[in-house]
Every structure is written in structure tokens, then in C-alpha cells.
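Below you'll find the structure I mean.
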Amino acid sequence: MTPLLQVQGIAKFYGARRGCEDVSFDLYPGEVMGIVGESGSGKSTLLSCLAGHLPPDRGEVIFDTRADGPRDTLTMSEPERRMLMRTDWAFVHQHARDGLRMGVSAGGNVGERLMAVGARHYGDIRDQAVDWLGRVEIAADRVDDKPQAFSGGMQQRLQIARNLVTGPRLVFMDEPTGGLDVSVQARLLDLLRGLVREMGLSAIIVTHDLAVVRLLADRLMVMKDGRVVEDGLTDQVLDDPQHGYTQLLVSSVLQV
Amino acid sequence: MSDYNFAYLDEQTKRMIRRAILKGLAIPGYQVPFASREMPMPYGWGTGGVQVSAACLTPDDTFKVIDQGADDTTNAVSIRKFFEKTAQVATTEETARASLIQTRHRIPEEALSEDQILVYQVPIPEPLRFLEPSEVETRKMHSLEEYGLMHVKLYEDISQHGAIATAYAYPVKVEGRYVMDPSPIPKFDNPKLGMAAIQLFGAGREQRIYALPPYTAVVSLDFEDHPFEPSKADHDCDLCGASDSYLDEVIVDDAGGRMFVCSDTDYCRSRRAAGHVGAQGAPYEEGAA
Amino acid sequence: MIEIEGLGKSFTLHNQGGAVIPVMAGAHLRVARGECVALTGTSGAGKSTLMRMIYGNYRASAGQIMVGESDIAQAAPREIIQLRRDTLGYVSQFLRVVPRVPTREVVAEPLLTLGVTRTDAIARAEALLARLNIPEALWSLSPTTFSGGEQQRVNIARGFAHAFPALLLDEPTASLDAANREVVMGLIEEAKARGAAIIGIFHDEAARGQVCDREVDVGAFAPEQAA
């Protein structure tokens, strides 16, 4: 089986300071990988490099494209990469307002990616928007409301609907449950698990919340000072951590 | 003899603007940046259009200015006088006699010809600005032809109003390539954008010039199930009886009385001169208002 | 079906002076299809550790753990993930689920992951819940609020939803009353009958005697204390 994403030797420096270095891994279709680490560990830099938001200094991010098979997204032309970003890739931001158009209705937010790939039938676009709102548990009668009128959890679910409407194969998530109430987090986690399973999505989730990765991620990468210190099956890394830093991280979590 | 250089601007500046105009004509619908000058009038009063007109005017030109179709509003009168003073060009209110027409918010009703130039005053040249505040991003969207966002705006219209409610500055696609804001003309005027005359658009504050060469293919954006419809008030002109012209609604008394009249004052006047009379119109008399 | 050779395990505590604690050495075990083997030994002898290594939850320090054609000790994460989906089931003592997910969904999830249709998966889940005497009124609630015994039974239902060829059972009958204990015994017998290889930890000696074909004393795999 061809990996959906092959990451090889990614490095990004900010001047002399290391953002991340020597990061390599393969992600297979249907896999969810978590990246954990404390603030400044380089996990967000890495995600930005992988998702095409930040050009890395070194390395390759090879995606198995539908049309031409594995291609390095860093050497693709910009139009190709941007097309990828709004079709086969999706990015869920920590703050919904970074990923939504706050001045546009829920339906318009969900419909944008459809219109971006050429949908020109209002009725069809709206039907799909309503369908997706339903899948993220937002009532159909909210389709014309603006995100400002939504709670934080609803905004985050709207962001997910907006991202998944074009049936992407790879979703990048940056602290998707950060800043949400615990009860809202749980609902979102369940939703994400269901969507990952039903759509066969692959996902890369950056978070500092070990409970989130335990419930969502199949695999886990632990980062410290810009490098990957440990990786493996999520429950194995959390229950039998091999690296000192991971042991510290796991033992530092408050037990409930 | 005034102390101004011909048409106010210095020759270097006019050359710079002409280069921008030529580039704009070569790439229809593309917004060409230019070094907009301070003009002796505030932004919003047509500084972009005035600079484009200044760069195009020759001493042989006959100049006409309309604001919302009318020759006699403050803005139109000021600009006309400005060029009378700084360029000593002939001016006219008759569309057919003008070689260069500067306009704000309208296209004349009378079809323009190949030897005319229509200059638009543009407040916000970027059609994507409504939804994308970043200039870097909108430029990228133009260069990569990522125009889905434009339809988001139309989608919002339909979802809120049941139809595309954008009535003016209705976005168009030029020669199948650039999406362009035709300036705040009513969408009634959009079908005229493929006209025989050269059309130049100047935005002073935003420092952009763009253009449509004669007979350019200009398509108003729409949805398959909500096609573009140029619309106007469902009336005839109360003064000249025209059924095919864009109308202004005028409140005439404190009791809610109103009448609909042609927004193109020259068109209305010429029709009345030819003997047409509307529902509330009196027979035309030369010299009467 | 399950073949373990030369298996060793030690923990290195980097944050406690790098102390290395060996917990197992030279472990070996074979379980054939249709066979149920009980792990025995004193508390702390390493029964759960061995079980966790077989499931890939703990990393083996030495040796091999063959489950079917795969060596868990060497397998890449995605192989283990796949193995856990279709081949290797595990019923732990603790229920770990996303809060607020209905019990019915929790039990059906392993089947849904395998691509079983929603209707079939839910039907199978409900049948198991009924058999394990979970009142129907609770099926649409999250099990996080259930009593210990109820949670244990939900866990068992989830573990038996898919007919895994290999099953690991960690105290499946603990905290169950006699009636439910019999239901679980029945489930284990059925799994054996269809050819599942089962490794279990049973505190309950009667249960052990009832379903297990052999016992393996994990104490025999204790590392040499000399080092």
C-alpha cells in the first residue's frame, strides 16, 4: 500500500533557532496521527510546513495525489498546491475564526469550497451545506446565521463541515478542541471519530492534550525542541513511554 | 491662458498614467497599479477618473461629465469646470457629441461608438474585497483565477434575499479570465459593458487603473438556477415616456408623491425634444428645465 | 495462533536516575486455535504486563510475539492497528471511551470500523447488551456513568462484538454476579468453539477451571535478580 503522505527530513529554522528538524514519517490512508509536545516544541511549525502554510528549509512532503500518484507538494506549482488545499486537504484551526469567514452565513461558509471547485447551482450548493450542517449536528434552520451567533463548539463544528464538504483525504488539525469546554470537547471528539471512520480520512492532529490523542489518534509522535523524541502506537507511547521526556510528559498529567 | 499645464497634470505623470492605461487595455480586467497623484479635490470625488481623463484628453476633445447619469449635479459640474479651466477643452452635455465622457455610477443610454472613450470613477476596484480583506491574498486569487469567493457573495445574497440582491457594482468576468468590478453602475448597465467604445476605470485612492477594449466579452456572474437579470424600476419615464431607460425615483412632495424619471438627463431631454411625452410630463420647450 | 519466544521486558525510568527495572525474561507461550490458556502467578508477577505486550500496548525489550503471521514485537504501528481491528481483541478491566457516546455505539464501534453496515453492527451490539443483561433503557446513554459491573459488561460486549481469531481477556468476570458470569463463560466457550485462541487472566478459580484448557505460571518468566 502506498502511504498517503510521506514526510522526509523536514527542517525549518527561524534564523539560528530551530523550529523543527529531521522529521520523517509515513501516514497511511485511514490513519490518524497525533503530534504532542509542549509549547515551543515545534509541533505547530511542523504542521504549518506539512500543510503548505510555511515553506520548510529542507525536506519533502510527498502526497499521493489522485491524478498523478505521489508528488512532492513543496515543489508543486502554487496553483496545484492551492487546488490540493481546497480539495483533498483540509485544515482545522484551533480558533474557528481563523478558519471561518465570520461575515458569511453558515451555508456560505460550507458552500465556499464547493464554489471554489466550480459548483454553480445555488440549490445544489445549499442542499449540500444543509446536509453537512446536519452531519456536524447543526440544525438546518441555522444555515443562514452568521458564525458570530454560534457558540464556540458550534463554530468549531462549522469549521469542520466547511473543511470536509469536498471530501478531503487528509485533514490537518491544530488543537481542534483547544479552548472548548470539556463537555463540548467530548462531543467534538466523537464527531471527529465518526467522520474519520465513515470517510476513511487520514488526519494529523497537533495538540498538547494527551487525553485527546488517546481517544482520536492511532499513532503518536512526541516532539521536544524541534525534534521527534519518540513515536509509535498511541496507547503504547502513553502507557509504556521509552524516552525520558515522554515519561515526564505522561507522568505530569493530572489523573481524574 | 491659465498657469496650469494642459489638463492640470505634468507630462511625466500623464505618461505614467498612459502606460498604466495601455497595460490595462492589453490585459482586460486586470487592475494595474499606478502612482495616483494628489488632486485638488477630495478622494471620493473622482480623483481616479480625473487623472485618467487628464491623461487621455487632447486639445481637440469634447468632454462630457455625468454623475448618476446627470450632467448638472455638483460633482459633474465641478469636474467639467476643472477641465474647462485647466485644459480649455470643449464641453458638452450631449452624449453623441462627446469624444471623452467621464462618468460616476452610470453608462449613458445612447450606445457609444468606436471613437469615444468612457472613463469611470471607481471607489473600490477590488471585487473580492467584500470577503477578503488581504490585498496580498486577493492578488494571488486573481493570478491563480481562484474566484469561488465571488460566488460566495452572490450565494449570501440569495440566501438572505431570495435573489441576487446586488443591484450595482455587479461583478463580471472579462474575456473568461479576470473578475472585475464594473464600478457602482446599476446592473441594468452591465449588458452594455461589451460596447464599441474604450472603457477606462480609475481608482484614485486605491491607485488602480483597469480597462475594457472595444467589444470585450464581459459576462455577469450568476448561478445556473439564479441567472443574471439586468433590472430597472417597472415603470416608464414620467417625463419622456421611455420604457427602456434606467430610472430614478424622485419624491415630489410631502404627501408621498413620486415620479420616475430617466437618470440619463441628456437622453431624457433629447427624447422630449423629439416630441415624446411621459405620464406627468409637459410638452418640451427649448430652454425650459 | 499466538506464539511467544524469548520475550523480555524491562522499564527504564529516565526521570529516576535512569533506573532499569527488568520485569520479565525468556517468556514463552503457545496458544492454538480453539484453545484457552490462563495466565497465573502472584500479584505483580507480570500477568498484565505480558498481556499488554501481546496487545502491543507495552513494547517488548527482547524476543518475539507472533499473532498469526505478524510479530507484534517488531511490527510497524499500522500493522498492529490493522491486527487490532480484525485479528486481536482485548477486553481490559477498564472502560475507556469518548464521553457522551451512547453505549450501543460504543459496542458497535469495532464492527463499524471493520466496515460492517450500521444496521448489522447495531443489531449485533444490542443482542450482546441484552444477553449481558444491560437494561435496554441504558443503551442510549453513555456508559461512563454506569456502575463498575455494568461498565465491565459493556466492555465485554464491545470485546466480543467482532469474532476475533485471537482474544485477550483481563479479568473478564471480576465484579460480575453469578448470572452474568455464566453469560461471559458462555461467550468464551462460543469463541473457543469457533476457533479463537484465547489468553486470559482469571482471578476467579472456578471460572478458570471451567473454560481454560491450560494454565501458565508467569512467575516462571521472572528475570534473574542477580543483576
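To keep things simple, chains are lettered A, B and C as they appear, and every chain counts its residues starting from 1.
Just so it is clear, contacts are C-beta pairs under 8 Å (C-beta built on N, C-alpha and C of every residue); 3 or more make two chains touch, one makes a residue touch a chain.
All figures in this text were calculated on a predicted structure; none of them were measured in a lab.
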> Which chain maximises the distance between its CA centroid and that of chain B?
Replying inline: C
> In terms of Cα-based centroids, which chain occupies the most central position?
Replying inline: A
> Where the centres are mean C-alpha positions, what is the separation of chain A from chain B, in Å?
Replying inline: 46
> How many angstrom lie between the CA centroids of chain A and chain C, rounded to a whole number?
Replying inline: 31
> Roughly how many whole angstrom separate the Cα centroids of chain B and chain C?
Replying inline: 76
> Can you list the residues of chain A that touch 2 or more other chains?
Replying inline: none
>> Using the touch definition from the top, which residues of chain B touch two or more other chains?
In response: none
>> Under the definition above, what is the set of chain C residues touching chain A in their complex?
In response: 11-15, 52, 56-59, 77-78, 80-81, 96, 98-101, 112-113
> Touching chain A in the complex: which residues of chain B?
Replying inline: 131, 140, 144, 146, 148-149, 151-152, 155-156, 158-160, 223-226
> Considering the complex alone, what residue numbers of chain A touch chain B?
Replying inline: 78-79, 82, 86, 101, 103-105, 107-108, 111-118, 120-123, 125-126, 143-144
>> Touching residues of chain A toward chain C in the complex: what are they?
In response: 28, 31, 183, 186-187, 189-190, 193, 197, 214-215, 218-219, 231-233, 235-236, 239-240, 242-245, 247-248, 251
